[in-house]
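Below, chain A partners chain B and then partners chain C, in two separate complexes.
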Partner chain A sequence: MLEFLLTSHPLDCPICDKGGECPLQNLTMAYGPGKSRFPVESKFHNEKRVPLGDLIMLDRERCIQCSRCVRLQDEIADDHVLGFQARGRGLEIVSLSDPPFDSKFSGNTIDICPVGALTSRDFRLSARVWEVRDYPSVCAHCSVGCNILIGERDHDIKRIVPRENESVNEIFLCDKGRFVHHFATAPERLTTPLIRRGWKLEVGSWNEALNLVASKFAETRTQHGASALGGLGGDRASNEDLYLFQKLFRQVIGSNNLEHRVGWSATNVGADLVRLYGAGVGTNLGALDKNVTVLVLGADPEEEQPVIRLRLTKSVRWYGANLIVANGRVTKLAKHAKQSLVYKYGAEAYFLLGVIRAIVDEGLENRDFIAARVANFEEFAKSLEPNTVERCAELCHVKPEKIRDAARQIAQSPNLLILSGREAMFAQQNDPAVASGIAALLLITGHVGRANNGLIALYPHNNSMGALDFGLLSEGGLSVREMASGKVRALYAMACDPAAAGEFTKPAFLVVQDLFLTETAKLADVVLPAQSFAEREGTFTNTERRVQLFRAALKPIGESKPDWWIIAEIAKRLGAEWKYGRSSEIMEEIAATAPRYAGMTYAALAENVKMPRPAYGQGNPSDQPTEIAMGELENVSSGKAWRSVAESEPNAKFELVWNEPGQQSPEDSRQYLAVARSLYDRGTLMSQTQIVRPRVPKPWVEINSQDAEQLGIENGARVRVSFDSRVIELTARVDGHVPPDAVLIPSNLDGTAALPLGARVKVEKV
Partner chain B sequence: MLSQQAKSEIQQLMTKYPDARSAIMPALHLAQREVGWLPDDVIQEIGDLLGLSKTEVNGVATFYTMYARDQPGRHTIMFCADLPCALRGADEMLEHLEHKLGCRASQTSPDGKITLQEAECLGGCNHAPVMLIDGAEHAQDLTSEKIDEIIERLRNT
Partner chain C sequence: MPIDYESLTALGAIMGSGGLVVVDEDTCMVDLARYFMNFVQEESCGKCTPCRLGTKAMLDTLTRITQGRGEAGDIEYLAELADAVKTSALCGLGQTAPNPVLTTLRYFHDEYAEHLYGGVCRARVCKGLIRYEIIPELCAGCLVCLRNCTMNAIVGEKLKPHSINYALCGKCGVCKALCKFDAVRVTTGNGYSLKQLDRAIVQ
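On to the complex of A and B.
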């Protein structure tokens, strides 16, 4: 067999990227005959450089036609964009999608290619794999927190590959996580502190910069009081940074003006719900079977948390998880749902209420659970009275029988997970009944406090959860908008860029701590250079509340310092007696003081565990003794998740909250504006990576084909969208994904920042 | 572009199978009969109808040799290259045909009129050598003269 595989293999191992980690090479070395019986002249020669999209290069000569990449795309990624063409010796891999190889998981085909046929256009021919040192880390993009290995050589990141963790990312990684890392070593990185002298920002020393910040903070506090100081801590920073950041403000300065939700117009993000009813520890989104119903509410994980979309799809297809997708539009995930429900934007609460009412009507509530742990079910059931399923159905535009069907599945399923995304969080902000509806749905069916039960809120960034845990929320303090509009005298912005995210008025004194000279940094009085995640240690908490440790891979760029060090130095200069020598000491303090993070020291987080590897195949994973089938993974550091109140306090009683859904806004001839997000954007981190640039879409607006016809708009036409005083021009995408009377605009592309969700907009042809 | 009728015929075909995508081969045949070959936009249309990606439809269309992904001449000649025909001098006939047309097998003549393909047994061994014209007409007991005559006729129609 090996001899056959090698008949037309070019044997260019000395220049092949796969050399050193190539299964074909290894097998040939172990078992292959030294000499082939086929004449060299009969070898086929094929094209060696065929670009398969922007990210992958195909070498047709090396390809052994195993079809692993085709199957990965079809069966795991669900993007049917790779296929064979022709047959026999002419067989070759092609992609006819537009753009070619249009998948967010294309990089995974490089890993599973058993030869060097598929190579990364980024890493290609730039290093031998044995010269690259791998450092375990955690992806710093979205909130999934995929485990990665940073491949370092000569103080540069050569490549990023996934690190296997069955409970987070398995062996997968999206293309953003894999390719967008050049920001860490970009020449635009800040290397020294900058201090404003006159009109210009000039290079200063650390001591000078820190002294200036501390003295200005102290001065502002004595002159205008502590509440004249505010802190915006980005949710890209690590737990250690965020903990010290809030400690600086709360303990040392005495101000409660702390926020992290820069660029988010939602004020209610359901953090309370997660604290109470968060999905039980041990939930594994990639191995949910037919006993688990998953309700994905107002989310588009394909664009926001790609690996979660991939794992949910896998759970449905391999293990038969019962997926219900409810949103105001059709998302990619909906294709795999047993039930895909499209409700009317703005009427989310009525949808939830309809489901709750249907459960109570049919007596499907979990009486044992309610008796043991719910305080006020009778009252709650009574307050539902005026809202019949039919009324809710009429208001949310979902048929009553569909609501009843969903209700039965939710109530009768042994397990229920609710994943609420960006659009659901925006809905919660406009209408508190959405949040109370989610909580009530979990409580009356008794689906909390166990693995595979409860709520997962899909947050936007790698450490949004950590920022919520450490209370960077405007409870009692000023909001992001207030701080950005000059309501504070001194503002400390760490790892965030409020000036790029919306209107920004510079306060009297502005400190920015970031990797780059961002829009906000250009306005700052002092700019402090921070280190990227690749240069330091720390922990991130992912959207499933899993705290994960990442290690340093690179030497610091220039004079940049870890965020926590900078904060601690400022605190010392303000008189605090802080003694932190390394970030692990901060985590020890967190583990000792924050109950949720109890016991989560670096040593505990780095602990290697054995993890069963699930068997892949049709059917229910719990039917099969998986450890025997596929063995165990050893030496996996899986991270630790903190427990929700429902788990940690088994005797706690919960209260159902009744909120009458908000009044339906009167009929309006203008379109309802829904806001989504595109995976590839123009963000600071993305813009440093050339090869993903073509993947960043031009700003677009999605319009329903009915509306488009009425307005005379064709697919691809330029349209003008106006609301309040703002007018933007975009390209129209006409399709059936958004409902009539609504338009969808991704909010992180050129000129589309800070869009007000739920606003009424006017769309016209240019 | 497929006609409305072809599209509805494909939709009809889809109902005959438990899984609609199974209709891909008859759908490709139908499209090829209508358009003459299978250009990219037709591949896309069939994919849209069957719920398959363009890449998947292309995979099937290129696997089977009787689907044409390249634009053929106005007429297609399939020339039998199997044993009984070979025993009756098919090789020489093919060579003659190639000279006459000015192209090799699996190519189209320079004037764009006739595409020549080699084929497996066409089921006319008792009249070998045999070729099939436009998928319908058997030309049998071939001689150089017969071939010349046929080519003249095809060139003029």
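On to the complex of A and C.
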């Protein structure tokens, strides 16, 4: 067979990206004949450079028609965008979609291609793979925390490939994680501290800049009190940075004005729920079987956590997980759901209440669990009284029998996972009954404290969970909006850009610590150059509460320093006796002091562990789960998740909280505004990767076809959306994914930042 | 010979269209196998490697033999390829594709050997192994063949026996078809395999 394959395979190995890690080369090395019996002149020649979409280049001559890429797209990524054309030796891979290869997982086809037929248009012909050194790291984009290898050569990131971790990303990575890395070595990176002298920001030394920051902080504290200082720490920074950041403010300065939620305005993000009822340690989203019911509430993981969408789809298709998707609109995940429920936006709490009521009505609650661990079930059941399933159904626009059916599946399933996404979080902001409803649903069915049970809150960024863990929340302090509107005298903004996220008034003294000269940095008095995740080591906590270690791959750019070093230097100049030489020492302190992070030192996170790989469908002939060793490479393990209260304290009693669902806003002739996110945006990090630019969508608004017909709007037409005093012009998409009386706008594209969810907007044709 | 599945399978044939083909001694078995292999190669969908590329390898080898460029070991190579394709192709087309080669190898092994080692095509079909000759005794010198020769390979004068310039002859057979005196005959095994002829021209 090898001989057959080699008969029509070109011998351009010297310029092939796959050379050195090519299965065809390796197999030929191991088994192949030294001499070909096939005449050279009958080799088949075909096109060598066929752009298959913006990211992938196809070499038709190298293709051996194994159809792995077609099958990956069909069976795993669920984007049916590749196919075969023609036949015989002319059989070739073509893209069936417009734009070509329209998938968020296209990069994975490069990895699984057994020859060099599919190559990355980014990495293509830029280095030999054996010259690229791989450093284990963790993706710094969304909250999935995919394990990656940073391929470094000549102090530059050549490519990023996934690092196998069966409990996080298996062998997959989305295109954003794979291609969006050029920001780390961009020429626009800040290389020296900048100090404002007069109107201009001028280059200064570290000593000068740090002294100025410390003296201004001390001055502000003596003149206006500690509460005149505020800190905004971005949720892209590592745990070490965030821990020291809050320690600086709480212990050294004495201020509680700490926040991380810049650019997303949700007030209750469910962190307290995750702390209590977070999904049990050992949950593996990629291998949930028919005994697990997954309720995905108000989430669009396709755009926000693509790899979680991929793994849930896989669980449903391969292992038969019972998926229920509930949202105000139809998302991509919905087509794999046993039940897809579309409720009315703004009535999320009534939907949850209806399900709870249906469970109680049919007596399906878990009595043993309630007797053992729930304090006030009777009272709670009483408060349910006036809300019959029928009433809830009418208010949330879901049929009562569908609510009852979902309730039965949730209560009778041995395991229940709830994934609450961004739209559910925003709903919690407007209505606390959503959060209490989620908690009640988990408690009355007893689905907490075990693996495959509990809540996973899908947060936006790589370390949102860490920021919540270290209390960068306005508990007793000022909110982001208050800090950004000049209520503090001195503001320390680390790894965030409040000026780009909304209205911003510069306080008397502004320090910005970032990779780039952001909108906020342009206003700052002192700008401190920080290091990207590729230049330093640290830990991120992903949305499943898994703490993962990443190692440095690059040398620092210019004079940039790690965030924790800068914070520690400021603290020293304010009189604190901090002695941190390396980030591992900070993690040791965290491991010793923070109960949830107990024992999570770098040494523990780097331990070699064995992970079971699911038996079925992964080329495993034995039918028994095989174990793969994690951490053999440079000692980075699969990470450790901290345990929720339900797990760590098996005797703790929980209270059910009753919140009356918010009153429905009166019917309005205007549209309800739902806010989503697009995977690809125009952020600072994205804009440095040229080849992804065509993938960034133009800002759009999704309208239901009925509404569109009434308003005379056609698909692709320009429309004007107005609310309060703001007017934005967008392109309309009429595709039936949103319910009537609602419009959906992604909030991270050009001109759509800081949209208020739930506002009433007026849509008209331009 | 009863026509049923078992007896046909025992012979290496299949029930179905093209399962049995009746030919006489004017059909070269090697050329017949080449013809079927060409057909299969064109019909292959390309999904599995043995059929997509294995039949091509077989076709190339058979073509080589019919052109008189066969080499020692080609019979064994063909048998090996046929076995690989038969056992590893995914569908019926690929699995039965080597049948014409296997059955001709089984029943007409001599013909293959003659092609390879003797430079002989006994059916006088394989152009690499045959030669057209004008029999001087029968040739009337009518110029018909000379005028109609596609390659201008025939030389001669009116009413005198013609002869063929083998460096130019394309073996199209027009001369034989047009000759009213049956003065053109086809010979084989006279040492003029294409390979030797190539060598002669180079020298």
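We take it that the second predicted complex is superposed on the first by the 745 of 766 C-alpha atoms of A that agree within 3 Å, B and C clash if a C-alpha of one lies under 4 Å from a C-alpha of the other, contacts with A are read in each partner's own complex, and residues count from 1 in each chain.
By our rule, contacts are C-beta pairs under 8 Å (C-beta built on N, C-alpha and C of every residue); 3 or more make two chains touch, one makes a residue touch a chain.
Bear in mind that the values here come from a model prediction, so they are computed numbers and not experimental data.
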Three-chain arrangement built on chain A, chain B and chain C clash or fit: fit
Touching partner for A:G83 - first (chain B), second (chain C), both, neither: first
Which superposed partner A:F4 touches (first chain B, second chain C, both, neither): second
Chain B versus chain C as contact partner of A:K698, first or second or both or neither: neither
Touching partner for A:R37 - first (chain B), second (chain C), both, neither: second
Residues of chain A touched, compared between chain B and chain C (which is higher): C
Vertex chain A angle, Cα centres of chain C and chain B, expressed to the nearest 10 degrees: 30
Touching partner for A:K200 - first (chain B), second (chain C), both, neither: neither
Which superposed partner A:H45 touches (first chain B, second chain C, both, neither): neither
Nearest Cα pair across chain B and chain C, whole Å: 7
On chain A, positions contacted by chain B and by chain C: 84, 86-87
Residues of chain A touching chain B in the complex: 80-87, 94-97
Residue ranges of chain B touching chain A (in the complex, touch as defined): 40, 43, 52-56, 58-59, 62-63
Interface residues, chain C side, partner chain A - complex: 41-47, 49-50, 52-54, 56-57, 60, 64, 77, 84, 88
Chain A to chain C touching residues, read off their complex: 1, 3-5, 7-8, 37-39, 42, 64-65, 67, 84, 86-91
